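Below are structures written as structure tokens.
Below, chain A partners chain B and then partners chain C, in two separate complexes.
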Partner chain A sequence: MQYVFALAGNQNSGKTTLFNRLTGSNQHVGNWPGVTVEQKTGTLLHHHHGKSAHVGPPMLRRNREAEENNDVQLVDLPGIYSLSPYTMEEVVSRDFITLQKPNAVINIVDATNLERNLYLTLQLAELETPLVVALNMMDEVNKQGDAIDVNSLSEALGVPVVPICARNGDGLDELVRQSMMAAEKHILPGKLDICSGDTHEALHAIIHLIEDKARAKGLSPRYAGTKLLEGDEKIERLLELDEGTLHIIGEIIARLEKQAGMERAAIMADARYTFLDGVIKKCVVKAQNAPESPSARIDRVLMHRALAFPIFLLMMLLVFFITFGPFGTWIADGFAALIKQGISLIDRGLTAANTAPWVQALLVDGVLAGVGAVLEFLPTIVLLFLLLSILEDSGYMARAAFLMDKPMRKLGLNGRSFIPMIMGFGCTVPAVMGARSMQSQRDRRFTIMLTPFMSCGAKVPIYALFTRAFFPEQGVLVMCCLYLGGMLMAVISASVLKKTVFHGDAAPFIMELPAYRLPTLANVGRQLWDKAKDFLQRAFTIILAATVVVWFLQTYTFRLTLADTMEESMLGVIGGFIAPVFRPLGFGSVSAATAVITGVIAKESVVSTLAVLSGTEVGSSQMMAALHGIFPSNLAAASFLTFVLLYMPCVAAFAAMRREMQGRGIALASVCCQTALAWLTALLVYQIGGLFVF
Partner chain B sequence: MNWSILLGVAVIAYAAWILVRHIRRSAKGDCAACPYCSGCGGDCKKHEGGK
Partner chain C sequence: MAKTLADLMPGEGGTVAYVGGEGALHRHILDMGLTPRTRVKVGKLAPMGDPMEILLRGYSLTLRKADAAEIILEEE
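Moving on to the complex of A and B:
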């Protein structure tokens, strides 16, 4: 029989780390809330299934096919705090558990923050689905000097509780054993009576009224009754209650609100927290005279009222200095020389093998020149993301979001919007999807419209190429200007949008700050490997394809004869129509216009296109000279960089925007406005800059 | 000479296939073009045929 286990828990409680451990997957793990926005499925590795005697850290990847056990599918759900559908993540998680009916739910709980995490556990226990609590981060509990009586906790909650440490794999075999047992024997959570007095009576009255309807819809009457008491409209619609029943329930709740002196949703929350308060008092022993936690001590400096912003800027400056300063340049130059030698070797080999001239031209002047020009920036990309993933993994990026709440609020957004924006430095697609964690559609759309202004990783090769060719002495400064320029443009756009399209205030921002953790080598290494692998994959797929197309269009005429000059070629004719649009911006050549167009397919294509069109060797001084021919002045290059920074994102990002904004019109309007803004800003840079530069 | 022409044709065919696949995936908003592809929080794999 095949089993399905759902992995549910609060944000940043370690679900994805546990999922990766149990399935050998490679999902992105971040030390900030909201990394997972959709459910992910994996197969439980065989050695965790209890059929093997293997004990110790999971053997990730090795003999994966042999190790996988198709009996158990594990579903990693987005982080949630309750089963009330306030955000899209909560809807995804709740619908999966209540409608798909997994065989068991593994509720991962952050043991360092038990009371808030168990709030969800109480709701999961109402679902009549086998439930096992995984008490994660027990190593941190021990470090703090606290103690948790696991047996008492299990007894109080009516479910098995297994202490684990997802980061190092402790307790995972026991967790899987308990989950398998709960699923096989269909062991349901024990009945918990968390309410007393009037609430108890009201809840029973409601359950009595809706029991048949709830059973017919496959819901637990207790869960459905609690949700009705809380005012959950989705459950009310799902149950299709008649007018009479709804009226009686309304009467019961009105009376209860009067008796309790509080609003209906607050009544249940109060009951749960009162119950949990008793459980915590009984099961948790806090360390006497516990010293201030290391996170609190670090935060006293990093989140200092006056120092926080300067420290944040300094951190970013340091990241850019290491990546694009002397150290980064030294590594990049060394790698470029290697690529150059490799291409030269292949060229000589092709000549010696008497290769057909057009094939040799296609391979050397097209594929190798284009792909090589992009590959040259692999060390730069890896270094940049190494530093960013260390910041992310340590928990600092979550602080950055918290820090940005105040300024973001002034712009009509909140600190949560900053998380997708930071993700946008990697790639716009997951960043746009990350906006799902926002509660209101207004906030989501607003954030999505601003995300493409962040410089994604694919733009890094363009920036690096141009700084090397035009601003070799001011590389770090130019990089900072580009990254900050994108953010500044997002700020200006947000101010305009707040006054025109998105009136009103953002939803309140509540985020739990994760503890600072030393970035693990495994996690940082995994992220870097992903980054390098994806970069290489892109270079040899879409960049290669775009390069071949550009080479073909540049080499042949519309009659498919060899073009003697650039103007005769297909590219020359097509580019001739588009190039005038960019003339006022200082880069009206066919080559520059073509690079801009291919950049819509994938941003790195800008670099490969320029390399193919310049017809020179990768990283050579001839290529730099050719670039100076395409962009006659440093000002024209600056104008081009400004345009590339701000114009429409690639097609994949546009499609993600269309999907997440739930409207083709608004997504199209967004990218059109963005491109118009890019054109205007580049025009200003070129024309106003021309007044100062001769 | 013949093998090199075959190589040239293979490269062009590969490029054409990649381009068509990329545009198809991009149109669905998938992460074919995303540097975060294998590790991102989005459910790319599901859209790409459950690989």
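Moving on to the complex of A and C:
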């Protein structure tokens, strides 16, 4: 029989680490139906090896741990704190458990933060689904000198509790064993009486009233009753209660609210936390004179009133210096040389094998040259993501959001918008996806609209090429102008959008500040692997196709004969048709227009298109000369750079925007506005610049 | 006027009496553990004075002052 397990838990509870441990490399990422919440599914691995088995990147791990348990699929639920009906993540989670009825739910709990984590556990226990609690971070609890009586905790909660350490794999065998047993024997959580007195009576009266209706809908009466008491309109509608019942429930609750002196939602939250207070008093022994937590000590420096912003700025500069400075360039150059060698090797091989000249030309000049130009860029992306994911996993990014909330709110956004925007410097696609962490659609859409202004990493080769050709002495200055210019545009756009499209205030900023933790190699490696894979997939699909199409369009005429000159080719005709649009901007040549078009497929293609169209090799001195032909003046080059900085993002980013904004119209409108803005700004640069430079 | 969580200075503590706000915000504040009778302490403020860090139930939570003003504290 095929089993399905669900993994539930708070954010920052180590859920991702546990999921990766339990499933290894066998993961599938998709979306929950109808909403933009990521759904990860994986096949559960057997756990016989305990500690030593899972270190290193997923590729290396696969052979060592080939033994898979094909019978169990593990579904990773979003990180949530409660099962309220207010956020997509919570609704998705509770619907999955109540409607899909997984065979067991594994609830990961941060043992250093039991009270708030168990709040979710109490709600999960109401669902009449086998539940196993994985008590994570036991190593930290021990280090703090605290002690948790696992057996009495299990007894108090009415569910099996397994102490684990997801970081090093301790306790996972037992966790899997207990979960399998709970699923096979269908062991339901024990019925807990978390409320007392008036609340207890009121809850039981409601449960009694709706028991049959709830059963008919496949819901646990206790869960349905609790939700009704809390004022959950989704459950109220689902149960299709008659007027009379609703009226009685209303009266019960009105009386209870008067007795308790609180309103309904507060009564239940209070009851759960009061119950947990008792559980924790019984099961946890806190160390005497606990020293100040390491996080608090680190924060005294990193979040210091005067130092916080300078340190933050320094961190960001450091990230950029490492990625784009001498170190990053050294790695990127080495990689590029390697690729060039590979291509020439293949070229020689093809010649030796007497390949037809046109096939060789297509493969070497079209496919390999294009893909090679993109691949050269891989080290930069990987390095940037490495640094950003270290900052994220360490807990610093949450602090960055805390720091930036007030300034971001001035723009009409919230602190959390800052993280996607920073990621936008790497790649717009994951940045747009990162906006999912915001729960309000307004904030999400607003952030996504501004993200493309953060100059993405794929534009770096364009900037690098142009600074070498036109501004060899002022490289740093040009880079700064471009990056800051993009940010300035984002600020200006934000203030316009705030007054027009996005009225009102940003969503509340209620967020856990997680403890600082050392990022694990496995987690960072996993993220890097996913990013690199994603990038390579794009390189070998969209970008490869685009390169071949561009090569085809520029090699053949519309009559499908070989084009003698570029003007005759299909691409030349199309480019020539569009070129006049860019004439006022100073770069009205067919080549420039064509490069702009291919840049929509992928920004990296701008460079390869310019190379292919000028019949030169990327980065060669011939290409530099050719560029001076395409862009008659430094000002025209500056205008082109401005346009490339601001115009619509690539198709992959557009696809992500459409998905995450939940609307094609708004995504289309925003990229059109960006392109119009790019045109106008480049026009200003060229025309006003022309007054000063001759 | 009643004292609210937003009135506390860093290092000061209090006990929650009542949680205001509506709908999702109200519910979210409660879910995060800011229920009546909970002891809270203000950790630090962001360098620009807002948002604030609230220490409760052994963890830290960020809250904007505007939202913290919805949380009424008991008279000491």
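Note that in this section the second predicted complex is superposed on the first by the 553 of 694 C-alpha atoms of A that agree within 3 Å, B and C clash if a C-alpha of one lies under 4 Å from a C-alpha of the other, contacts with A are read in each partner's own complex, and residues count from 1 in each chain.
Operating definition for what follows: a contact is a pair of C-beta atoms (placed from the backbone, for glycine too) under 8 Å apart; a residue touches a chain by one contact, two chains touch by 3 or more.
Since the structure is predicted, the reported quantities are computational estimates derived from the model, not experimental observations.
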*After lining up the shared chain so the two structures overlap, which partner does A:A156 touch, if you call chain B first and chain C second: first, second, both or neither?*
neither
Q. Touching A:Y273, do we find chain B (first), chain C (second), both, or neither?
A. second
One more residue to check, A:A202. First (chain B), second (chain C), both or neither?
neither
Inset, instruction - Check whether A:N113 is in contact with chain B, with chain C, with both or with neither, and answer first, second, both or neither. - result: second
In this superposition, the partner of chain A with more touched residues, chain B or chain C, is B
Which superposed partner A:A602 touches (first chain B, second chain C, both, neither): first
Who does A:A458 touch here: chain B (first), chain C (second), both, or neither?
-> first
As the complex stands, chain B meets chain A at residues 1, 4-5, 7-8, 11-12, 14-16, 18-19, 22-23, 25-43, 45-46
Note: in the complex, chain C contacts chain A through residues 18-19, 23-33, 35-38, 43-51, 53, 57-64, 67
Interface with chain C, chain A side, in the complex: residues 81-82, 84, 86-87, 112-116, 119, 262, 265-266, 269-270, 273, 296, 299, 303-306, 308-309, 402-403, 405-407, 409, 415, 508-513
As the complex stands, chain A meets chain B at residues 26-28, 35-41, 350, 353-356, 358-360, 362-363, 367, 381, 426-427, 429-430, 433-434, 456-458, 526-527, 530-531, 533-535, 537-538, 541-542, 544-549, 552, 601-602, 650-656, 658-660
